[in-house]
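Letters A, B, C and D mark the chains as written, and numbering starts fresh at 1 in each.
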Amino acid sequence: TRQMSKSNDREEFVRTTLRELVVYILFLIILCILTFGSASSSMYYYTKVLSDLFLDAPFPETRNTFRGSTQVLDIWRFMENVMEDGLYWEHWYNPEKTPIETDDRNILYENKLLGIPRLRQIRVRNDSCEVHADFKNAIRQCYAVYSDNAIDKQPFGLMNGTEWTYNSPEALGGGIPYWGKIATYGAGGSFADLGSNRNITNVILVNLRKNLWIERGTRAVFVDFTVYNANINLFCVVKLVFELPATGGVVPSWTFRTVKLLRYVTGFDYFIMACEFIFIFFILYYIIEECIEIRMLKCSYFNSLSNVLDVTVILLALVCIGFSIYSTLTISDTLEKMLRDPTKFADFEFLGYGQAHYNSAVAVCVFFAWLKLFKYISFNKTMTQLSSTLSRCAKDMLSFAVMFFIVFFAYAQLGFLLFGTQVYDFHTFLGATFTLLRTILGDFNFHEIEEANRILGPIFFLTYVFFVFFVLLNMFLAIINDTYSEVKAEIANQRNEFEIGDYFKRGYNN
Amino acid sequence: TRQMSKSNDREEFVRTTLRELVVYILFLIILCILTFGSASSSMYYYTKVLSDLFLDAPFPETRNTFRGSTQVLDIWRFMENVMEDGLYWEHWYNPEKTPIETDDRNILYENKLLGIPRLRQIRVRNDSCEVHADFKNAIRQCYAVYSDNAIDKQPFGLMNGTEWTYNSPEALGGGIPYWGKIATYGAGGSFADLGSNRNITNVILVNLRKNLWIERGTRAVFVDFTVYNANINLFCVVKLVFELPATGGVVPSWTFRTVKLLRYVTGFDYFIMACEFIFIFFILYYIIEECIEIRMLKCSYFNSLSNVLDVTVILLALVCIGFSIYSTLTISDTLEKMLRDPTKFADFEFLGYGQAHYNSAVAVCVFFAWLKLFKYISFNKTMTQLSSTLSRCAKDMLSFAVMFFIVFFAYAQLGFLLFGTQVYDFHTFLGATFTLLRTILGDFNFHEIEEANRILGPIFFLTYVFFVFFVLLNMFLAIINDTYSEVKAEIANQRNEFEIGDYFKRGYNN
Amino acid sequence: TRQMSKSNDREEFVRTTLRELVVYILFLIILCILTFGSASSSMYYYTKVLSDLFLDAPFPETRNTFRGSTQVLDIWRFMENVMEDGLYWEHWYNPEKTPIETDDRNILYENKLLGIPRLRQIRVRNDSCEVHADFKNAIRQCYAVYSDNAIDKQPFGLMNGTEWTYNSPEALGGGIPYWGKIATYGAGGSFADLGSNRNITNVILVNLRKNLWIERGTRAVFVDFTVYNANINLFCVVKLVFELPATGGVVPSWTFRTVKLLRYVTGFDYFIMACEFIFIFFILYYIIEECIEIRMLKCSYFNSLSNVLDVTVILLALVCIGFSIYSTLTISDTLEKMLRDPTKFADFEFLGYGQAHYNSAVAVCVFFAWLKLFKYISFNKTMTQLSSTLSRCAKDMLSFAVMFFIVFFAYAQLGFLLFGTQVYDFHTFLGATFTLLRTILGDFNFHEIEEANRILGPIFFLTYVFFVFFVLLNMFLAIINDTYSEVKAEIANQRNEFEIGDYFKRGYNN
Amino acid sequence: TRQMSKSNDREEFVRTTLRELVVYILFLIILCILTFGSASSSMYYYTKVLSDLFLDAPFPETRNTFRGSTQVLDIWRFMENVMEDGLYWEHWYNPEKTPIETDDRNILYENKLLGIPRLRQIRVRNDSCEVHADFKNAIRQCYAVYSDNAIDKQPFGLMNGTEWTYNSPEALGGGIPYWGKIATYGAGGSFADLGSNRNITNVILVNLRKNLWIERGTRAVFVDFTVYNANINLFCVVKLVFELPATGGVVPSWTFRTVKLLRYVTGFDYFIMACEFIFIFFILYYIIEECIEIRMLKCSYFNSLSNVLDVTVILLALVCIGFSIYSTLTISDTLEKMLRDPTKFADFEFLGYGQAHYNSAVAVCVFFAWLKLFKYISFNKTMTQLSSTLSRCAKDMLSFAVMFFIVFFAYAQLGFLLFGTQVYDFHTFLGATFTLLRTILGDFNFHEIEEANRILGPIFFLTYVFFVFFVLLNMFLAIINDTYSEVKAEIANQRNEFEIGDYFKRGYNN
């Protein structure tokens, strides 16, 4: 009878878990509908056609492109040719060049430019760094690497207008600092709003160029605009950046944030809305459940990885719900304001930025939600065998990972110091780390490190491959292999417990 | 004596299997003759020279190519230059430009253009989607993503002729929907048949361009033609497609179906025909055999993987035989019709499509036929050891594969949601899956995912490589390794059975 | 005492082997001097500068190159621009274009053109294949794929001179058939010897072009010449080939055979000569040794892999010695003939071809000679452990390799049939095999096979990676792993034998 | 009590080691501050913008670049266009071309050219090699491969001035020989100092060109200059080299040494200086410690790998300290001299060379310092298990490595001899070795070796992959795997010793 009652307990346990599993799978399905429902491959093509248009179109004479820009002259070549061509579509393609009506002028015929684009630059002072005593006579001006303290807030050039004076970030509508390749730039600076047609813009640009708008102190030039495609109801918030490092030259970068800001337009959108409500109820349900559990288990609650996962998922979900509500409320306002005066700059930066991070948060949330499934699969015996192999070798793996990463980071530092001045892949310590990781997978450029240092380069590569790829990596395998043998031997000796499979079999037999 | 009778049974069994094996190998040889006989490396070169001609030839001014087309203007540049150059070869290469006689004008001097090419487009209505309330005033037209419901069936532009009206797929000869990169397009639309020489075609194209044939509603433009090379007796059914997604811009795609539609011309072709008859007899023989087996074993017949393989091979073979007969019968008709009036469009689409799928079916059939060989190699002891290792660890492998793929798909979804709007390799969920699979093999682009998301990109990559490449992948090895040790130990303890090798030895000794 | 005598025997054995080893190492050193002495990195740069000059120089208008040629027009563009520029260096680079003296006109200022270049083509008859009945009216000429039977031996075009008539291979000096990408071409055909300066050559080429020298039947056009660089005493025998497949279009190929035909010029060369004599004595010594062994062991001699290796090395060495003597004797003759009349074509094809194969034979010979070292390393205990692991698992490995290659070739055939008409890497069965091998190492192009077949392509890739990379490849590891454990356990239980190490230790102690 | 005293001993030992560890970690931190403090990602961008400017800018007509130069003409194209554009920035970018003041003319607006650039060439005699008897009449001049003996020290061309006469290395300021791709070139030769503005330089270059400065004997042309960026306080010592091999043609190479020669300018620099003093004290401390240890242990000191590491680190540190002091003292002198007369060539070669090697020495020093950490981690039990696995299998690994490398080098030699004349990756024996190593990781070019030898190429690849990748590589794994199992089994049977973890626990409990 004791056996029997134990078996009954087990059965009860299985039944409870099954119920939980079913509820959880429903939750997962809703979550997947939400995420896949708001993503579409149109988004990729939208980003692509716009980046083809601005980043890959060749400048007329030099056949260089935005991506390949290396000099100040390339900035002007880009702005006066490719950018103007890309922004203003005033004619059809036919030989007679039929003009397009003013309010039908869309980028690539389909994408409405919202408001007008804004050109902005940020400059540093000409005394922002110290010149070494020996050079004090020969070199009188020194423009530091960008930092907020070095910003030049004095007027320059023509000394008047927003183009030639400094405007604080607040005056510019409180933008977000831009994380570039060289530095993170503040949201202030001098700006020029371009025109609503090609002629006006060209006049503005020529004037800027003539008066040497970009000068030695310029550290970054930004072009900001937003387009909206009504066909697929997507916004693209575009930011094209030329960074001018203190070394001279130009380093281009960009962001194309393709986001769905108007969430509810078509019938399917309203179905998604329904799912969102169900999702909120699920989250409330799980919050209550976890609260109960926390009250019961107190501190020990956080000892279980699975509980930490639960809490993470819930927190992420709450953040997403919050932003989602905020965004739905504010977008209408912004749009209204912008559409009232289409000759002003339309600042979608914050909405685009927020939406992009919202999407990331949702993505991570779904990822963790999937991983939680592992909690439920431990019923099956072979599954147990595998997951217990993993958990048992975790300690050894971690110890080994410490050894592995000491060697790994020693190599990364060596690589950074030896090749960092010559090879892009090693130009930061973190970058060097990833480069070495990619080397293990077979993605590396031997000739570059050989060129950077013809003796130490090959030696570095050879010893790295030998110790890390031939020896250390195989240790991971040895650890797993050995643990698996042990676990399998143990489990083979165990008695079969009542399994989830049995539950179904019994239900089938009765 | 019991031992002896058992040995005799065994011998009998071996003898039967050997006979079966010999028959099977004959079958395989015939099958290989059939498939290799109808494939030749000429086919590859045929596809190559034609795609070089149309896809990679640069447009005169911009040096862009068909493959690199991104704008509507590129469509016209392609059609009025590269396409006309490629289709009409009216002069020799010498400085005097000796004209070539009209009926000797072949593409690349060797390939006869069958009939004339057809230009087709398919459009959607300007009210096919809903504009959000806020934009109703600013945006009055909305052209949806292509779908069969959104097709615009009204005349447009000049309002007359096949170019400016909608023609149903039936009116166009019942073509096959085209599966493009963005959508699957119906076979209807507006079309223009081009001319049989360069002048006529040029007039038609300029007229279309002048009257703005391609407009905002256009979702795809097709160019269809077929060429025949008598030297190597091959057809190439060419379809060049420009998709115009709702995002604006142009996405080019293409199919070059190089097929052998006239199957029996040379002496070798008739030898193949003989083999085909033998093949049919073999198939009949195997059908009968399997029928007998099914009658004997009933449902349990389908429990064996090897039997399922047999049935698959037979079914594929029957489909192939069927299409083969149909194609041989209809091709003459089509050719006759086409050759009677060479100024009409020659529609080889269905034949090309069918033949390509026929070739695929044959290929898969041969693949399965090879795999069936495994049924016969189990006689050798070491072989058994290996195949029984594989079959024994199959269960564990599958259990593990479930775990593996939960993690794998969780990563694929994460990658799709995080990078899908920026990176081609992640722009669909399925694509993301294959990208992650390729990452394991070392084919990935780290810089792209880093650019798409500078924080989550590297974290994604690092954790993926660590968990999947370092840990999970090694589990596969651990499972196989452990099972192999077990199996080897077991087999080493077994008594040697009468083997196929012994059979030959005995035959040799007597 | 028995123990002692056994130990003495063992010692004797060790002493003999050591002596053999020392002799063998001497032999290896001589061999290495011979091979490394006649190879230099100058050879690579010689090939490189010449191929840069002819293969990668852009044509003036189209910026295409020899490598990128796809049409008949590209042949003429190449010959009238890049080839003429490359062959005739009549001026210095300065603005006044100072002419260079006639007998100092060297390619790239350093390389003497030996004799004059030869242009040759080979054509097939216009009735060399059969046209299908349906097309008999529309298509009257059929030019088959190249084969020796299809060669057109009738005069054509201007009907006179070597350019317009067929010349047999014998009449042309008995050249070697050329193994191209499409076919293997005979050494006969129509040829034109170009001029010794740019003007003459240009007149010849324009005349050929004007009279349509290249016509539909042309299957290959060859340009042959030889250059000699006195600075580094190297010849480069150049052959530039345009194949014109029956599909139309052009497929370029080339050989640059950089060889050292004048073997003895500098002092170091005579040192090499001395080594060559020593080498011959070594070979004689080994021949005698092996003969004795063969007489002793009879047939069982060939059972040992190591003996087979010996014989192979000796045979290869004999072939090399033979050619070496022949070449040294004939080169002077050829040179003398050529230098007597520098306005004739200098045929170095056979010497270049032979020397290149001689180099290959030497390379393979050295490779096998190195492998023979394994015979001697079996003295050390740990070495034994490793080599006996390899030899013991050889049988299992082979059995498994059979299974592996059935699957492998089934996939190769599937890939060939599915993607062969579209993807270069699968366009022959053998090519497909290597493509699949490279896939295992991580070198593949997924997008190409996806484009070739959007459904079966990814399935093919997925199943291949799963079965071959995840499962079958790991079996190799499992086999080695298991065998190693066994062998190690066994050896740990063995008594230490008298080892080579002990021999040295004893010598050292006494 | 005995147990207790042993435990106390152990505790004592742990305490000592912990103290050592803490000191060592302090040392490591100082070291990291030093190295990371003097490296910055600005250095990479500095190298990049300069190499973009000189190496990747296209020549006006041919669109070729410095990197792609293959002919003598390209040298002039580079110097008269790209180099002049890059060195002299005399106008702003605006349409009116506002001139920049003379002492503000900076490369890329930011980088001061120090002194003036120097053009140098080195030539060999026209009788520096022997022509074969057969060619003695046809070829009268022979220019050997570069070697110090072959240098032509006679005047040439206009016969006067430094451009047309030979100057010994000493006369040129005692430079460092340049290790090029083809040879290592001496520091002497004929040189021309260019002008301080574009016009002067252009006159000099045209004059050189007109008088055929580069002639057949020229083996290398060097352009040397140094730029200084005050914004980031970095020097870049630039050397652009055209090697003219004896084969004809041109092989470009370059060095951009971005170094921080003025070490102490900003506040942070002085913090680094403080760290440097601390570092020196640490080194003194370790020197004393090691001296004591050496006195105690005598010869046996060097038996421990860890001690050898210590000595290496100390020696490297001493070298670095030495150079650091020397460089700080000499740089001021050099700068002063240079700034006094800005129209002379400023020779920073030795300082740049030294600083670059100093950086390498520091990097290696830090690397070894990190590895020494392993000495301390052996306290933890799982760590011991792993490190003892590695040390125990070291002997087997080495034995196996010998076998592995015999096969490996046999393949490298075969590859070098078979493909060396055609494929860059195999053009030296050492290069071939690395190519084969990269092949294991999946980075190879199959098509190149296939093209170089269509039969032996694929066979080479196939057998290499099979024996080395499938078989030998797996042996490494088998060895590690087996050893790990053994070690783990042993350790599991051991009694737990007092561990470092316990020490902390006790501290925590009391």
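Operating definition for what follows: a contact is a pair of C-beta atoms (placed from the backbone, for glycine too) under 8 Å apart; a residue touches a chain by one contact, two chains touch by 3 or more.
Keep in mind that what you see is a predicted model, and the values were worked out from it rather than measured.
By the residue-number overlap criterion, the interface of subunit C with subunit D counts as different, with under half of its numbers used by both chains. Relative to subunit D, the most remote chain by averaged C-alpha coordinates is B. In this entry, subunit A maps onto subunit D through a rotation of 90 degrees when their C-alpha atoms are superposed, rounded to the nearest 5.
Subunit C has its Cα centroid 35 Å from the Cα centroid of subunit B. If each chain is reduced to the centroid of its CA atoms, subunit A and subunit C end up 49 Å from each other. Residues of subunit D in contact with at least two other chains: 440-443, 477, 481.
Considering their complex, residues 32, 35-36, 39, 41-49, 52-53, 56, 58, 92-96, 98, 103-104, 106-112, 179, 228-234, 256, 258, 262, 265-266, 332, 335-336, 339, 342, 359-360, 362-364, 366-367, 370-371, 373-374, 377, 380, 382-383, 385-387, 389-390, 397, 430, 434, 437-438, 440-443, 473, 476-477, 480-481, 483-485, 488 of subunit C touch subunit D.
Considering their complex, residues 62, 70-73, 76, 129-132, 134-135, 137-139, 141-145, 182, 206, 209-212, 214, 216, 245-249, 251, 395-396, 399-400, 402-403, 406-407, 409-411, 413-414, 416-418, 420-424, 427-429, 439, 442-444, 446, 450, 453-454, 456, 458, 461-462, 465, 469-471, 474-475, 477-479, 481-482 of subunit C touch subunit B.
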